[in-house]
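The following pair of complexes shares a single chain, subunit A, combined with subunit B in the former and subunit C in the latter.
On to the complex of A and B.
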């Protein structure tokens, strides 16, 4: 166990880093609704402040563990705590969130400069930063769950930024509802956890599990993993992420690529001691399948952001597989490098989309390298990094996952390796179609390089995508948590073989892509040569249709059936029924009130006679 | 002596009075019918007093007659007041509390 951090006052620093973005969003949404420029500057300044505070926290706590909590709610004997737990994983994610968040805020200044609803956008970004930092710092499951819902909410807000378009409105609803499904499982998992351990504090649970490992069950950890599956868009809840691309591009970069979806992996890391062998192997298989499946889907897409979204799904599958193979540190490592190069590529695509006046179809691009050299170059860096080109960041983290899989689970390895081939194939396809060849539309012909606000973050991220894999370059407080697993993987056999295979993967993928897309063509070359394969990729294996079918043909009729039952029994029999019975009595009683003195005297005397009859025993008593 | 005839007469008087109260619309007649019912009760009480050889019933009759006289006085006064106000002593015209 690492030593505890003991200095006074750290909790107030953490509280301020958490509350700063909340304050900023409240101020924005209350006072700056009309003043977009001030709101955006405030939000960027806030994220800069978060970065400074986070670095202070990271370096101040060093390699110790800081834990602090206070009572939030007290209900009879039950207490809900509000607390922070800063350990290695929290420091790493804190760095990723605050650093990439800061870059994306700056990029947003350029990307959104002519947007009408800037205050709403930047307010939403600040709420997101608040919720994401909450997940990062939280020390118990209920608090994580609260912030978990809050990130879902801010993601909903930001996807629906262009709410006047039907696509964005539908996508935001879809993202929210699909996430609810996963979160329901997560909630059940939390209840089960409390049931089993009588606490939701992560450290206390860890101690209890260390004491008695038989306490954890596969059901329990799979229920908790439902939260991960929903938020990280893993099979079978992956359908929301590609649609979420309807939001502004910087949002896709920040939320739907670099941080929020990665929060699922972070959650798994925080509770990894609760996972049983069965659950782990299930997660590994699911993740590897997702890595392969999303690759196929990406191959059939034409929208630049959807391709990147499927690639995110695929990379999240890699992380899940790494976690399932018992290398959570490597999963976090890949989370970090992926955050760099995926944020880079999303921001690059944002730069392209901005330059081409919100044209997103890659078949309408082409030849942009000469017009936007910085964007093209940085984007190429991202493509090379994600494809695992030797000695770039993706190479280290992805090959570590592949090597781990090769040495422990051959099926997972084959899936992941095929996924890696596909990754380089669709990534180079994207690159060639967008930046090489001739311009295929007017907007692509007129494109110009974006402003320095947008290219600046791209250059920083490109630099990190190149060197991000050398963990020794980072200071120890940030990457300390990875070292165990990295050295474990470094000690594994078959290294040379893996280098050869990994290199082959990106060369084959890139070469095939060059063959198809690197020269003049009409239409989609893949469709022309392999129409069946292309249709299959494009169909995304019909998941949307299956869910649509399920909802319209099974769930809706069931809901209608329940509605009829409700009308019949609850509102019909119970509510109207009881009201009807008393109304009947009321009618009878009302008939007695004739308003005639004769009638009253008649009832009066009849009453007396009955009373007397009862008193002298005529009524059988 | 047989008390049955007297009791039968008492029941008859009471019944006639009751029917008068229930059926007649003229409140003066209703008041008179009430007196008839009271007198029916009085006869029954006197009969029981004779049969039982004590004065309890007869004593009670005096009270009833006194109360009845007072009641008639109050009732007639009310009727006069009602007539002054409404120009009618028919029960169906006194419908202020209805509806």
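On to the complex of A and C.
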């Protein structure tokens, strides 16, 4: 157990780092709606402030644990706390979020400089920073859920940035609704957790589980893991992430690659003590399958951002597998290195897209290395890092996962290793098609290198993608949480074997890619050689079609059917029907008032007869 | 002599009533003067609501600012004009003031014809609404409800939209039936227990002393449940609501869906459930099933809507289901969450109706397929609409989240109600589907052909200052509760605990799943740090 951080006043620093971006977005919304330049500077300054405060928090708390809470809401015995828990994992994510967030804010200054809706964009980024920091700092599940929903909201807002395109309109809606499906399970999980433990505080639950491990059940932890599946876009809820690429590219880098989607892994890490063996092995298999499946999908894509999106899905699958194999620290390690190189590649793609006037088809690029040398070089660094080229950042974290799988679960290993082959294949495909060869369109011919606002962050991230794997280079407060699992993996057998296999993977993948795309070609070489395989990759196993079918052919007709039922039976039969029955009685009664003396005397006599009959007991017994 | 508090409490009813009287009497002969009067009529209850909200002592249960006028009423029957606020009614009273002001401002700027009569009726409605939540005496509680209800009928009949006559007739009959049933329940309660007066506290005291048969109590509760249920649009008695909101003028929809519909829930929480706990528990399964009908059935109907106002109406009925679920659980957590949700729901629904009205004013239609891309012309309106939609679908940061979450939490407590949790939580997906679809259809994408032709005829401008004020007022309140729920929660907590405490112990003792330590053990369970050593 780590010692507690005791010095007073830390909570106000943490509170200010949390509220700073909220304040910035409120000011933007209220006063800077017409003033894009001021709004963007305010937002960038805010993210700079967040970075400074975060570093202060990280180094002040050092290797201790800081916990603080206050009552947020109290209803009938249910007391919800608003609290912070700064431990190793929180420090790591805090560093990643604030550092990469800052770089992406700077990049956005360049990328969005001619956008008309800058205030909305930068205000949205600030709301995102607020919500993401909330998830990072939160000390209980309900508070995590609150900020969980809020990152979903800011993601919705930013995907819908180009709202007048149909694509963005649909994608933003889809992202939010699919996430809600995951949150449905997460919500139920939280409710069940509360009634099982009488608390949702992470530390208290941990202590209770230590005390009585039988409290956790597979159902419970899988319900909580639904949140992860939705937010980290894992099977079967992965469909929203590729569509989310409709948002501006820096947003894709920050939210849909480096931080928000990785929040799912962070959630798992924070509640890892609640997982049963069954649930873990399920997550490992799911993650490894996702790692492979998303790799195939990436191979069939032509849109530069969609390729990167599928690669994110695949890497998240690796993290999930690492978690499922009982190495949560390695999952976090990969989260960090992935954040560096994936943010790098997304920003690099942003630089390319910006230079090519929003052309996103990699078959319309080509030859960009000569026109955009910095972007090309940094992008290549990212490609090498994600492919696991020896001694770059991805090599350390990914090979640790592969090694762990090799030593414990062969099926998962095979899936992950094939995924690694695919990763280098599709990443080098992307690189060759974009940067090498001849320019294949006018916009690619006219491209020029982006401004220093954009290349600066690229260079910083490229540097980190190279060295990010040497965890000893980072100060202990940031990476301390990883050390346990890293030394465990270091002690595992079969190291050399894994180095050989890992090296082979990127050489084979990259070499195949060079063979296909590294020279002059017509059309898509892969399609020409293996049409069936390519079509299968392109189809993404028809998930979008299946869900589309569900929505348009099952859900909506069912809703209309229910509406008709309501109209027919409730409004019609019950309401109108009872009105009709009373009207019928009224009609009958009205018929008696015929206004003719014969009729009245008839009723009169009938009345007398029935009275007499009743009186003499004719009707009675 | 009246104290300031009592003066405000009384004034919140008398001032709008008086304004309405002046307007009926044709006082002042220009529309402008009528509008100025109306500002007073809506401004005073708003101020009173806010001031009394903050002057209320959160630590106490029972009534504050009590005002009793025994000469007014029927002493022989124990009916007195008795006003006061407690922890449950005070947030609702403030909410009525806020929504009332927003609806009033919308009415003043609505440009309806015969504006003086229109304002007179709305002020009368406002007086009734404030009275409902300020009444301690059950008779006046009921009477004020009718004060607010009758103008609704008239206004739908006079200023309504499509088939207003038949709608006005339908809701008059339907709601009068509901009101009659609940009145029967209340009268029966009063007659059987022989309370010394017809108000909440003495009734509960008398009931505790009386020894009614359980079957009698259960019948009385049934009357109250069905009667109030009709008034709150409990499934399957909900079909009047959507038709009525469709047809009603905006301010009326706002006041009715936002405030007046809380009357029945308020009655169930203040009177029925705490006074008749055993009967509440025996009726609870039925109530839960019906409330689930609200959430799922009406939710699906909302998905099928293409008309914005029908969608908002169905959505509001759907979310009332959550309040009913909270009441149906029969625990203090459920009831207090239901009240949190009632306050937030009142605000968010009235905001949705207001924004729907703004949209209609610009697009000349309520059909969502005839809009599209409006965010380009009206970014601020889009911003408000997105915020309001997300508030109704329970995004944290807006008030609705706390109530909904609390209801879910209360459903999870007992294994017998966990079934309802799984299905009710589906509502968070359903409402996201129709809420975000509306946003996308109205504001995102390309403008439809119909909107193009509207655009070629007139310039669509963003929200004006007079439109921002009422919408901003409501949105601000929603955000305040959302970010700082303790604005309203402590007083609800204290009051509900005092009423439902007895019920809770029953729950805790009877049917707990083995995994849940009972309440007494909670102290040790929440301090696990000590457990270890």
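Just a few scattered comments:
The rule we apply is simple: the second predicted complex is superposed on the first by the 561 of 621 C-alpha atoms of A that agree within 3 Å, B and C clash if a C-alpha of one lies under 4 Å from a C-alpha of the other, contacts with A are read in each partner's own complex, and residues count from 1 in each chain.
Here, contacts are C-beta pairs under 8 Å (C-beta built on N, C-alpha and C of every residue); 3 or more make two chains touch, one makes a residue touch a chain.
All values derive from a computational prediction rather than experimental measurement.
In the superposed pair of complexes, A:601 makes contact with subunit B only, with no contact to subunit C.
When the shared chain is aligned, subunit C comes close enough to touch A:199, but subunit B does not.
In the superposition on chain A, contact of A:96 is made with neither subunit B nor subunit C. Legend: residue contacts after superposition of the two complexes on their common chain; A:109 is shown touching neither subunit B nor subunit C. In the superposition on chain A, A:72 makes contact with subunit C only, not with subunit B.
In the superposed model, A:20 makes contact with neither subunit B nor subunit C.
Set against each other, subunit B and subunit C touch different numbers of residues in subunit A, with C touching more. In the complex of the two chains, the subunit C residues touching subunit A come out as 170, 173-174, 236, 238-240, 243, 297, 300-301, 303-305, 331-333, 335-337, 340, 373, 375-376, 379-380, 383, 386, 390, 395-397, 401-402, 405-406, 408-409, 411-413, 421-422, 425-426, 428-429, 432-433, 436-437, 439-440, 443-446, 485-486, 489-490, 492-493, 496-497, 500, 504, 513, 515-517, 519, 522, 525-526, 528-529, 531-532.
Across the complex, subunit B is touched by residues 595-598, 601-602, 605 of subunit A. Taken together, the subunit B residues at the contact with subunit A in this complex read 18, 21-23, 25, 30, 91-92, 94-95, 97-99.
Listed in rising order, the residues of subunit A touching subunit C in the complex are 29, 33, 71-78, 120, 142, 145-147, 149-150, 153, 156-157, 160, 163-166, 168-170, 172-173, 176-177, 180-181, 183-184, 187-188, 191-192, 194-199, 204, 207-208, 210-211, 215, 555-556, 558-560, 562-563, 566, 570-571, 574-575, 579.
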